[in-house]
Structures are given as C-alpha cells and as structure tokens.
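In structure tokens below, several structures.
Two complexes are shown next, each including chain A; its partner changes from chain B in the first to chain C in the second.
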Partner chain A sequence: MLILASLITLAMAVVSLFVGVSDVSLASLFAGGMDSRAVEVLFISRIPRTMALMLAGGSMAIAGLVMQMIVRNRFVEPSTTGTMESAGLGFLLVTLFAPGWPLIAKMAVSALFALGGTALFLRILRAVPLRDVLLVPLIGIMLAGVIGAVTYFVAYRANLVASLLAWEMGDFSGVLRGRYELLWIGLVSAMLAYIVADRMTLAGMGKDFATNLGINHRAVVSLGLSIVAVVSAVVLVTVGMIPFLGLIVPNVVSLMVGDNMRRSVPWVAVGGAGIVLACDITGRLIRFPYEIPISVVMGVVGSVVFLYLLLRTQKRVAA
Partner chain B sequence: MTSLFRTSSLAAVLIAGTMALAPAAFAQDKVITHPQGETTISGVPAKVLTQDWAVYDDLVALGVPVAGVPSSNAPTYLGAIAADAEQIGSLFEPDFEAIAASESDVYFVAARSASAFETAKDILPTVDLSVNNGSIIDGLKANMVTLGTIFGLEDKAAELNAALDAKVAEVKAAAEGKGNALVIVTNASKLGVYGPDSRVSWVYNEAGMASALDSVKDGDHGGDAVSFEFLLEVNPDWVFVVDRDAGTGENAGAAAALLDNELFNQTTAAKEGQIVYLDSQASYISMHGYQGVMLLLDQVLAGLNG
Partner chain C sequence: MPAPSLPKKLSRPALVLIILAALALISIALFMTLGAKGSWSFVLSFRGKKLLSLVLVAYAISVSTVLFQTVTNNRILTPSIMGFDALYVLIKTAIVFFLGVGALISIDSQIQFLVEVLVMVGASSLLFRWLFLGEERSLHLLVLVGIVFGILFRSLGNFMQRMLDPGAFNVLQDTLFASFSTTDPAILAISCVVVAAVSLVGLRLMHTYDVLSLGRSQAINLGVEYKRTVAIILVLVAILVSISTALVGPVTFFGLLVATLAHSLVGNSKHRYVLPAAILLAIICLVGGQTLLERVFAFDTALSIIIEFLGGIVFIFLVMRKSAR
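And then the complex of A and B:
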C-alpha cells in the first residue's frame, strides 16, 4: 500500500517536472542536447520547484502529526496553534531590525519565535481544565489571531503590510535553484520525528502513562516542539504558509493506518508531498500561463476535507 | 436730519453693493460632471479635503492648499505633507465624523475611496476623480481641467497639461523602435505582471511601448503571479519594475536581488541592462497623480535614453 502511494506521489513529481511556461518535454530534452534551453529550465526551475514541493509538503505534514501527538488532539497543526503566526512575527521583526542578516539567521530567529509561540499555546492549554476536542484548536486559532494581529500592527506601522501578505501566502512560483535549499533543514528535522517515533507515540498517550513506561515525557515534548518550530519557520521563510496541510494529511493517514507513529510517519510524508504536488500543479494549470498560489488551492481543498473530518467526528460522538 | 440722511445713504450704498455682488455669486455656481453624477459647487472652495493621494498630488501641482488628507500611505515623492492638514481616515475608509465636523467646502474621492461618494455627497459637495486605468493620461488631464475649473485656475491647469503632453511626446519619441516592454511588480519574493489595463497601463498605451504580453493568452493582467520561466519565455526587450518592498527603504535593492537569477538573466532586457525601476509609490499608491506621473515619465525617459 505504501509503495503504491509512493508511486503515485512519484508520478506526480514527474508530471510537475513537465508543467510550466517553458517548453520542457521528453522530445525537447533529447532534441537539444545538454546545453539546450529545455535542459537548463529543467535544472534551474523545474527540479528545484518539484523538490521544494515535496520537501515542504512532507515536512509540514510530519510537523502536523508531531503537533497532534504532543497536544493529543486531532485538530491542531502549526497554523491552528499560533506556531506559524509566531514564526511570521519573528521573521517580520528580524526583517525590520536586521534586514542585512543572511536568510538562515532570519530563519533561526523565526524558529525561536515559533518555539515560543507554541510553548505559550501549551501553557494556555494547561490552564484550560476541559479538554474538549474542538476547544483546543479554537484556543489555538484565537491565539494565532492575537499573534497575527500584533504582526499586522507592526507591519502596518512599518508600511510592510503588502510584503507581509505576500510572503505569508504560500507560493512556489519564485522557487529556483539556490532559493529553496533551506527546506532540507526542514526534512532533516522531520526525519528526527521518525527516529523518536516510538517514544512520541507513547508520549501521545499522556504524561502519566508515558512516565510509567520510562519515557522522559518532558524531553520528548521539547524535541517535538523544536521539530515543529524549525519546520514551520523553514517553510514560512522559503515558500510561505500552506494552510490545512498538517491537519488533513495526518488525519487521513490515521484513518487508514492508525496512530502508531512508526507506521504513520512515512505515510504522512508521502501523502503530504503528494497533495502539495497535486495542488501546485493545479495552480499552475488553471490560469496558464499565470499562476494561482498554492495556498489558495490548498485552502479550498483543505477546508472541504477539514469539514468532512469535523462532521465525521460529530457523527461518531452522536452515535 | 443729516444723520438720518447719512444712514440711509450708507444703507443705499450697502444695498447697491450687495445687488452688484449677488449676480456674481450666482454666476460662480459651477456644476461639475464626474463618473458618479453631477455636483454643484458655489464659489471657489476655500477648505478642501481629499481621500486620495493622486488628487492631493494634483492639488499641490495646481498650488491649491489642502486641509484634509488620508491618514496613511503618504507617497514620499510628494515630500512633507502640509503640517496643519487634518487626517480624515485611510485610503479605503473615510472618517465621516471628522469630514462632517471639518465644515469643508469640497471633498474629493477617487479610485479606492470612490465608494465613499454615496455617503459623503449628503454631507458636503463631493467630487469623484477616479481615472479609468485604460487611459490614465487622458483621465489625469481631464482631472486637471476639472480642478482648474473648480478653483478658477484654468490657465494653470492648461499649462500643466501642456507640460504633460510634451513629456508624453518626449517619451514616445524615445520609445520609438526600442522594442516591447513588460511591467512587473515584485513583492517579497513573488513576481506579478501588469498588462495594458492595469494601473501602469500608460507605459503601453501612451508611451507607445508594445506590450510583451501580446504573444501570450490575454488575461486581465492586474498583477497576476508568474514564474521566472514566464519572463524567460515572454523575453521582453525592456522591463519596468515596480518594487512594492522599496517603499519602506529597508529593502532597497530587494527587487534587483530577486531578478538577478539564472533565468531572468537570459532575457533581452537583462542582457542589455534594459531594466528601469519605477517609483513604487507613484505607480502603486497614487497611480494617476500629476507629479507622480511626471516623475514616472521622467524615470522611463531616463531609462530609455540611458
């Protein structure tokens, strides 16, 4: 099954290599030799974009899964917990006060803010006695709203609202060779999640349970938070926000293969990459040769799936 | 007796004076026709409000003092905004309370604030000076004539319009045989293109540069997102860049850094160094202000001749 899913994702990656404004096809690749425009475009633009899509999709989906394990709630992901917004605030501030810093330093600041924002979310959750399944993401969305408002206020005062809107909107149209490689950091952090998957599965069963089994609950949660923060910051800084991704992929996977993280991480990675590829290809084709940002396509697809998941839960609760 | 005579003669003089003045005052009632109807303005307005930077720009060019301005996004090319000018809300949302309280004589809306007309017209004489993106220069000239009529500055307006015509003719001459052009907007790390119906349409329509987009399927070109591959394929001879990040000064050179890549560097525009950076606030915020358009035309001219 996993092999089949991987093959579908791989097929979409191949399609992604051949969708774009320039003429890149098997014929043009072989006709022109190694110096032809087709080969050049393939290496400068198509392969980097396809790689960026898979890296961002896979690592964002894993970040969502980790988040859901730590919070023990199916409806959280970096954009419903204030993580993304915190990363955005960090990036905005560092852009304002240290515009000359290299991108990786800005990303680090952004990741620190993401970490702080997520920790704040967990701290607030601890103060809420009733852990209703829908209350948790609601609190997260409210926190995200507050942090987002602060960010917009700062951007407004600095006349940066247009820029803020542009780089928060997930969009792969600017990806070229040399402009996406930070995403590998995201993949490496997401791989960490696979290494500690067993411990994280146990941590997901609750603090007391995990401690009884000899798990350092605190350490596992901190590691999980760091993974989420780094992935969020890396993706935000390179391509912007991709809404719903971290939410729908782990949920669909959980319906299919259950909650053992050791089993679900590869599924989530493959599924995340696949859905991001599909949405980006769609966005490239709808108004060809112009593009529709992936955050728009993903927003439409994601909200439908999210609604389905929500209604499904309600039905189960009612039954 | 003498005192009575004196009083009545004074009264007679006053009456005569009033009667002499009255017809003149009536004669100065002007009916201004604009996109949203007709507005009657009596006399020369003394206290002037505007919700639009382009209109502010026009008024400054004509030498008309402005009492109320938008509260945000003041284009830096306009220099310091009159210190005593009242802030009457953002470009999109007028502060109607402040507008009503100011007891002004005339209020100008345009483009982003055009929808304020319906509410504002019941408060004070309001004129909509929106300009159709498809014919920005003609629209601007019409606005200058309208403003000249309202403020009795017809000669000044005609003079400024003549200077504008001359500048457009100069750009047109410079653009002759220079090939096609593409106006792009850069924002953060994203690219958009502006076509023949956009807010910088004058580059194509009036300056006479052919749109490099003619070879591409037509869209409405309102700053559509495109990839670098798109630029490579369209391969414009000239590129005019509106850098939306440049307005802050923090990211100076951001657009140049964005465009310096392996794909864009293969286009004719990049190879020949035919890239002109336009004042982003004049092209993006005020769009059809007199001084802004003159500034942009100068920048295009300098680029074409440079």
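And then the complex of A and C:
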C-alpha cells in the first residue's frame, strides 16, 4: 500500500515537471539537445519547484504529526499553535534589524522564535489544569492570533504590510534553483523524527506513562519541539505558510494505520508530499497561464477534507 | 471585596453598570472634544459620524455575541469564531465574481448592502440550523467545525479574488478592508434603521434569554417555543454580524473579549445586566481605544490589530483562571 502511495506521489511529481507556461515536454527536451531552453527551464525552475513541493509537504506534515504527539491532541499543527506565526515574527524582525545577514542566519533566528512561541504555548497549556480537548486548539489559535497581531503591528509601523502578506502566503511560484535548498534542512530534521519515532509514540501516551517505561519525557519533548520549530522556520522562510497540511495528513494517516509513529511517519511524509503536489498542480492549471498560490488551494481543499473528517468521526461515535 | 460604605440597595451588577456607563460617557466626550481645532460645527458633525459608526459596531458586535452564546449555551463560541464575518467577505466577493465589478460600482450602495445582508442571513440561517437545531453535537466539534468553516470561507473568497482581474480585485479590496476610520454615510444610515428594527424584535424576546441560557431541554421544559425562538434569535445575530462586518471588516476576538468581560464583571448571567454591560464595554473599548490611538499615539488604523492582540491575551488569561478554580 505504501509503495502504491509513493508511486502515485512520484507520478504527480513527474506531472509537476511538465506543467507550466514555458513548454517543457519530452519531445522538446530531446529535440533541443543539452543546452536548449526546455532543458534550462527544467533544471532552473521545474525540478527545484517539484523538489521544494515534496520537501516542504513531507516535512510540514511530519511536523504536524510530531506536534500532535507532543501536545497529545489531534487538532493541533504548527499554524494553530503559534509556531508558524512566531517564526514569521522572528523573520520579520531580523529582516528589519539585520537585513544584511545571510538567509541561513535569518532562518536560525526565525527557528528560535518558533521554538519560543511553541514553548510559550506549552507553558500556557500546563497552566490550564482542566485540559479539555476543545480548549487546546482554541488556546493555540488565540495565541497564534496574538502573535500574528504583534507581527502585523510591527509590519504596519514599518510600512511592510504588503510584503509581509506576500511572503507569508504559501506560494511555490518563486522557487528557483538556489532558492529552495534550505528545505533540505527541514527534511533532515523530519528524518530525525523517524529515528526517535518509538520514543515519540511513548511520549505521546503521557508524561507519567512514558517516564514509567524509562523514557526521558522532557528530552523527547524538547527534541520534538526543536524539530517542529526548525521545519516551520525553514518552510516559512522559503515558501510561506501552508495551512492545514500538518492537520489533515496525520489525521487521515492515523485513521488508516493507527498511532504508532514508526509506521505512520513514512505515510505522513508521502501523503504530505502528494497532497502538496496535487494542490500545486491544480493551482497552476485552473487558471492557466496564471497561478493560484498553493495556500489558497490548500485552504479550500484542506478545510473541506477536515470538515468531512470531523463530521465522519462524529457519526461513527454516535452510531 | 466588601464595600460597606455603599447603600444596601445598590447591587453589584447595578454598580458595575453605573461605572461602565460613566466610563463610556467619558470616552465619548473625550473622543468628541480632545484635540479639536477650528470650526466646532465641522468637528462635531465629522466626528459625530465616526462616533455613530463606532457605537453602532460596538452595539452590533456585543449584542450578537452575547445572544449567540446564550442560544448555543456556551461562553466560548462567537459568530466571528464560527466564521461568519468570513462568510460576509465571501458573499461580497461572490457578487463581484459572478456579477462583475460593475455591480459593485453602479448599484446603489444601500440596496447593495441590503442584498448582502439578506444573502448573509439566508446562508447563515441555513448553516446555523444545520449546526444547532439538528442532532445534538458536542461543543468541541462545533468550535472546530466553525473554525474550519471560517478558513473555508476565507480561502474560497481568496480563491475567487485570485480569479478576478486586477482592476476588479482592487475595487473589491477597497470595499472589503474598511477600517474604523472610513464609513459610507448611506450605509451608516441604513445600518441605524436595521439595528433599531433588530433591537425591537430582540427586546420583545428579552424574557426568553435567561431561560434559553439554561440549555435546550430546560428551556423547552419551562415552556419556551425553542426552535422558533432560537431560529429568530439566530437571524437577528446574522443581521448584526453582517452590519458590523460591513462597517469595519472582520474583528475576530472583540465580541468574545467583551462578552467574557461582561459576564465576569456582572457576576451573574441575567441578560438585563449582561447585555448592557457588554454594550458599554464594547463602546469603551472602541471609542476609548480609538481616542487613545488617534489623539495620544497618532496611529490611525491600527485599532483592530490592537483589539485582536488584547482580546487574545485577555481570553487566554480568563480561560486559565477559570480552569484553575
């Protein structure tokens, strides 16, 4: 099954290579030789874009899964816990005050902010003793709103609102060779999640339970937080926010294969890459030759899928 | 805190209302007079229009939130968290998308406004009915469904906006992102009429609110015609939400902030205290906040950002305190 899913995702990746305004087809690739325009477009734009889609999709979905394990709540992901917003605030501040720093340094600042924001979220959760399932995502969304407001306010004072909106909106159309490679860092951290998957699964069963089984709960949670923060920062800095990805993919996968993280991580990665590819291709085709940014397509598709999931679970419980 | 010096007759809710009313009057007075230069007749009429729209928005948001919470029997959901101002934006976008930008410019703004409100009431009544009058659903599910609906409406609106040509997009943007400082007088006038009508209907139902807040089965037991009453109140809420969104655009946490504060200040949940307290609080926040920003800090359009910021923080603290008890 997993192989089938990977094949479908791979097929979409191939399709993604050949979709676009500039004509890239097998015929044009072979006709022109190695230095033709089609080959150039392929290597400078199409391959980087497709890679970026798969990297961002896979690692964001895994970040969502890790987040859900740490918080022990199915309805959180980096953009509903303030993580993404904190990363955005960090990036905005570093862009304002140290515009000359290299991108990787800016990204590091952004990751630190993301870490701080997520830690704040966990702190607030700890101060709420009656942990209602409903309250957790709600507090997260509030916190995200508060941090978002701070970011917006800074941007407003610095006359940067338009550019803030532009780079926070998830969009792959600007991805070129040399502009996406940071995403590999995201992939590496997401792979770390696979290595510690068993411990994560146990940590997801609660602090006391995990400690009883000899897990250093604190260390696992900190590692998980760092993974989430790095992935969020990397994705935010290179392509912007992609809503719902970290929410839907882990939920669908959990319905299919259960909550053992070692089993679900590959599924989540493939699923994340696949859904991002599908949404991006849709966005490119629907108003050809113009593009609709992926965050918009993802918002529509994601919310419909999520609504379906929510109402379906309800029916099953009621029956 | 005991207050022995007070005469016995003045109960806590009454005291709260008096203090709030005084604060509201002070903020209104400051808003009208602070830093005014030149001709008074100009200043008063210019600021009066702005004041009217602020008060109208404060009224619409606070009343709709309190009633919504009563009907749904919870203190967390609000119409805007359920995505209803996003629905308004979607409807407006859809009008431009399907009828063209000409419709937005050529049709009289009052008629346009009425049509939008009507469509909004229809659409939201359907959604409300499905969510609240069908089978019993958990609050947890409703909140999430609401938030997701909000994102869906926003994304769909965004999606349609992307399909528009740039010129139409710009015109639409202008009408969508109205702020507290710009308001069309024609829409203001019609809003006043609609709000007055809504308030009359709302007043006639006043006796049912306290009963409704006991929950569905209690209310039915106590003889309230549940479905009909709730349906009417939800329509009223939908109208108020469309008016406030039309005047200032979406403000997510404001209603929540005001309603929660009103409940905790008044100390009981009788609507004859909570409703006026919420309205007064909303006026203090909006008018006072705008005064502070405009005259003291010289920021002009940032009020909604700051409300969002404070509303979120206050809410988080309230949730923490409430569950710590």
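Basically, the second predicted complex is superposed on the first by the 311 of 319 C-alpha atoms of A that agree within 3 Å, B and C clash if a C-alpha of one lies under 4 Å from a C-alpha of the other, contacts with A are read in each partner's own complex, and residues count from 1 in each chain.
Please note the rule applied: a residue touches a chain if its C-beta (ideal position, glycine included) is under 8 Å from a C-beta of that chain, and two chains touch if they have at least 3 such contacts.
This one's a predicted model, so the numbers in the text were calculated from it and none came from an experiment.
Q: Check the residue A:Gly174 against both partner chains and state whether it touches chain B (first), chain C (second), both, or neither.
A: First partner only, chain B.
Q: Could you look at A:Ala162 and tell me whether it touches chain B, chain C, both or neither (first, second, both, neither)?
A: After superposing on A, A:Ala162 lies in contact with chain B but is clear of chain C.
Q: For A:Leu4, is the partner it touches chain B (first), chain C (second), both, or none of the two (neither)?
A: A:Leu4 sits against neither chain B nor chain C.
Q: Counting residues of chain A in contact, which comes out ahead: chain B or chain C?
A: Comparing touch counts on chain A for chain B and chain C gives C.
Q: May I ask you to decide whether A:Ile292 touches chain B, chain C, both, or neither, giving the answer as first, second, both or neither?
A: Once the two structures are laid over each other on A, A:Ile292 reaches both partners.
Q: I'd like to know which partner A:Ile139 touches here: chain B for first, chain C for second, both or neither.
A: After superposition on chain A, A:Ile139 lies in contact with chain C alone.
Q: Once the two structures are superposed, pull the chain A residues common to the chain B and chain C interfaces.
A: 287, 292-293
Q: Sort out for me which residues of chain B touch chain A in the complex.
A: So the residues of chain B in touch with chain A come to 73, 187-191, 193, 216-217, 219, 224-230, 232-233, 244-245, 247-248, 250-251, 258, 261-263.
Q: Provide the residue numbers of chain C that touch chain A in the complex, in ascending order.
A: 76, 135, 137-141, 143-145, 147-149, 151-152, 154-156, 158-159, 162-163, 252-253, 301-302, 305-306, 308-309, 312-313, 315-316, 319-320, 323-324
Q: Would you tell me which residues of chain A are touching chain C in their complex?
A: Residue list for chain A touching chain C: 75, 124, 127-130, 132-135, 137-139, 141-143, 145-146, 148-150, 152-153, 156, 243-244, 287, 292-293, 296-300, 302-304, 306-307, 310-311, 314, 318.
Q: Touching residues of chain A toward chain B in the complex: what are they?
A: 20-22, 40-41, 44-45, 95-96, 99, 158-160, 162-163, 166-167, 169, 171, 173-174, 176-179, 287-293
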